[in-house]
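The structures considered in this document are given below.
Okay, so chain A shows up in both of these, paired with chain B first and chain C after.
And now, the complex of A and B:
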């Protein structure tokens, strides 16, 4: 069964007068099966974030259909089964780490005892137990990132959507996140992630799709690759894209 | 329910930890304490109370209303711009619950500040002082009177052609306004009577209130006597704009007046001109509570008004960007506050040019839409020593405090996800 399905999805942004300005996604077909780790890869501005936002129900597609667990993305039943880690952490700076997780537990309608236990469990897991009562506003980027990850997991989601999960993390934390993703996937969780760090994606993903200019240019299994994902990616979207440095140096 | 509680707590904590609530409390309560030292009244207890309620409590309420309306208008828009809102939106929470919980948190904060300001008012006033129930004469509604007048007025050769060419609705509005202001002349030596639906109660006190807030200087010489059933009162040489004439039980030999009818005999040298619909009230104290309870009812009405304004500001916040939402909210508040006096000043749009007419139509529309919840009636009642009736407070709570915020939250819930689309 597919957890995520996109059929001919397109997104055109319009200006105030409803004139089309940018076609961010164009006729995208995608299917993510239950229990797999799927990498949505592409250069900056390729339409990855727009696609993620449409999957999350934050944006409505201009064309095509999207289903999450067979439901429209804005259905509460679908939202109850997913967790989301955005590219930046976007935490409420005046809340403590414990209160932050308590807030998201409340949004997931978790009973008080479950919320309390899970908060302690997740803070321990991401190594923030010692700073559980400190306001999040004083956290480093790495700490905030780990807390945001814990927030995404508080509802024990069946589908986890990670937008650049290792962004801003040091190599040790990056490795921890990769291990966490593998562990969660081994436990049956479906994971959709985007990343610029292709080596990281190669380490954790079962399958991937590469998008460029809003359209899918490649899709496959990591296990079937004969070259590195990095080389494959550059061959697909990076050809001819180099900075013209010579005139600058001459000048 | 858990998600509602979580969002409510988050919004309330934001107000507490940003110290906004503390500052608002200090400003409102500080103003309540400082006001008597800044302004002096006419020296009478009534005058001091009127000033204190109007400007101290009214000022505290205005402060709370404007601050929280601006906070609400910026609330969702700010979180949307900071991308924090999307983290709540992707959770299984109804968008209307998200708006409603935020509204309730802001209203709770405002209610708390207003309660403290009201407590200061009670402490600095006479807590045991009773209020008056206020009755107006039983008369035909101004609209019904206008409709009856319409044909006669339009066929009257003295009616200007400009009015005759105007739409019926405009003329009816003009006549309705006139009906409100219809003067009744009580000639010297004449006795007139007005009917009142007064409850049949034996206890408490009765009084008649006359207002002379019109353009004619009739304040110089008012002399006469009132009779309401077995109650009588005398007024003489009064020069104040508002006269309260206490009524006392008459002796057996004085005879009974007509039940339910207030008779006035003008014993002055001049004719007296009164607008019965506006200027004459029968006051009674039977069954009234103390000042503290009256303040409590007024507080409930003010909180209800705060709720509808906050919910409206949140609706705008769901639909618009932060600065546009704040500007629109403030503009709406200003127009709501100003529209009744603008309309009173320019009751007849026929006297204005086309440009002003458009402005007046917009103002009239705003007044019509906002008057059910935009009136500062509870402050007026408190200031005038009138009772804030429990039924009136219950209606305000049900409609302004619950029904309208619910509808606005539902509408905001529909708009909120679409705003993300950039629509």
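And now, the complex of A and C:
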């Protein structure tokens, strides 16, 4: 059974006068099966985050259909089964780490006792127990990232959507996130992630799709790759792109 | 800052003894109700637009909407939250204004009895200290030693001290006259909050505030239905039945703006 299905999905952003400005996603077909770790890869501005936001129901597609657990993305029953880590850690700066997790536990309708127990466990897991009562506004980028990850997991979701999960993390924390993804996947959780760090994606993903200019350019299983994902990606996306150092910077 | 402004306006009222209009507390009462209306409307706009826009612009809205929260539910819960915050403001300012009117009557009586006009400054000084100086000082101490959050603590202490001051020399007769007039002023603020919320989910803060300015200008002719300070002159009262009718007239407006807000919020893209 597919947890996520996208059929011919497109998204065109428009200005105030409804004139089209950017075609961020163009006719994208995608299917993520239950229990797999799926990597959505692509260069900056390729439409990965837009696709994820459409899957979450934050953006309405201009064309095509999306289904999440067989339901429309804006159905509460579908969203109740997912956890989301955005590209940037959006947290309320005046809340403490403990209150932040309490807030997201409330959004997931968790009973108070369960919320309290999970908060303690997750803070321990992401290494923030010692700063549980500190306002989040004073956290470093890495700490905020780990707290956002804990927020995504507090509802014990069946589907976890991670947008650049290792962005802003040091190598040790990056490794911990990879271990966490593998552990969660082994437990049966479906994971959709985007990443620029292709070696990391290669380590954790079962399948991947590469998008460029909003369209899918490749899809496959990591196990079937004959070259590294990095080389494959550069061959698919980097073709035709040149980078010339500005003359005034030379010499 | 708006709360402090309103409290400051209300606290100095007993000193305004040169403008009695035939009643020692008339000026205090008129100005207290005016502060509640004008600063209350400003409070209702800024304290509604800001939380909605902050959620949208900081991205925390994405996190909430990605969870199993319905958009209408989110919109209405937030509106209920800002209305609750406004009620704390309104109750605090009403208590201070009530005490100010009481203080003006007391000061007027003392001044008339002793012939010393300086006696009228006493209640103002006591009020200013209790609602303007004590709460921030105590909240700062609690923040320093017990890590209480400053703003919520100071707000709560203002409410407690203002209520305490109002209860200290409680006059049932005065309260029966003043409270209906004060409750009436909550209604235009409720309409403003619903409208500000509806505009804030669609337009940036500056545009939403500008639209509220237009709405304020359009509402000006009707504000007289809510601001009934004149009715309290020389022992007059505002009947509670009128307050009930005003509430009934207000509800459809609040509902209409809330529905508009839900409609504008429901299909909007947030990224």
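Everything that follows uses one rule, which is that the second predicted complex is superposed on the first by the 245 of 251 C-alpha atoms of A that agree within 3 Å, B and C clash if a C-alpha of one lies under 4 Å from a C-alpha of the other, contacts with A are read in each partner's own complex, and residues count from 1 in each chain.
The rule is short, and it goes like this: a contact is a pair of C-beta atoms (placed from the backbone, for glycine too) under 8 Å apart; a residue touches a chain by one contact, two chains touch by 3 or more.
A quick note: this is a predicted structure, and the numbers were derived from the prediction, not measured.
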With the two structures overlaid on chain A, would chain B and chain C clash, or do they fit side by side?
clash
With both complexes superposed on chain A, which partner does A:60 reach: first (chain B), second (chain C), both or neither?
both
Tell me which partner A:50 touches in the superposition: chain B (first), chain C (second), both or neither.
second
With the two structures laid over each other on chain A, which partner does A:70 touch: chain B (first), chain C (second), both, or neither?
neither
Using the touch definition from the top, say if A:220 reaches chain B (first), chain C (second), both or neither.
neither
Tell me which partner A:99 touches in the superposition: chain B (first), chain C (second), both or neither.
first
Just checking: does A:84 make contact with chain B only, chain C only, both, or neither of them? Give me first, second, both or neither.
both
Contacts of A:107 with chain B and chain C, given as first, second, both or neither:
both
Chain A contact set shared between chain B and chain C covers 53, 56-60, 74, 76-77, 79-80, 82, 84, 86, 88, 90-92, 94, 104, 107-109, 151, 155
Along chain C, where are the residues that touch chain A in the complex?
58-60, 62-71, 147, 149, 267, 269-271
Of all residues in chain B, those that touch chain A in their complex:
1-3, 5-7, 9-10, 13-14, 17-18, 82-84, 86-94, 417-418, 420-422
Within the complex, chain C is touched by chain A residues 49-50, 53, 56-60, 74, 76-77, 79-80, 82, 84, 86, 88, 90-92, 94, 104, 107-109, 133, 151, 155, 161
So in the complex, which bits of chain A are touching chain B?
13-14, 53, 56-60, 74, 76-77, 79-80, 82, 84, 86, 88, 90-92, 94-95, 99, 102-111, 151, 155
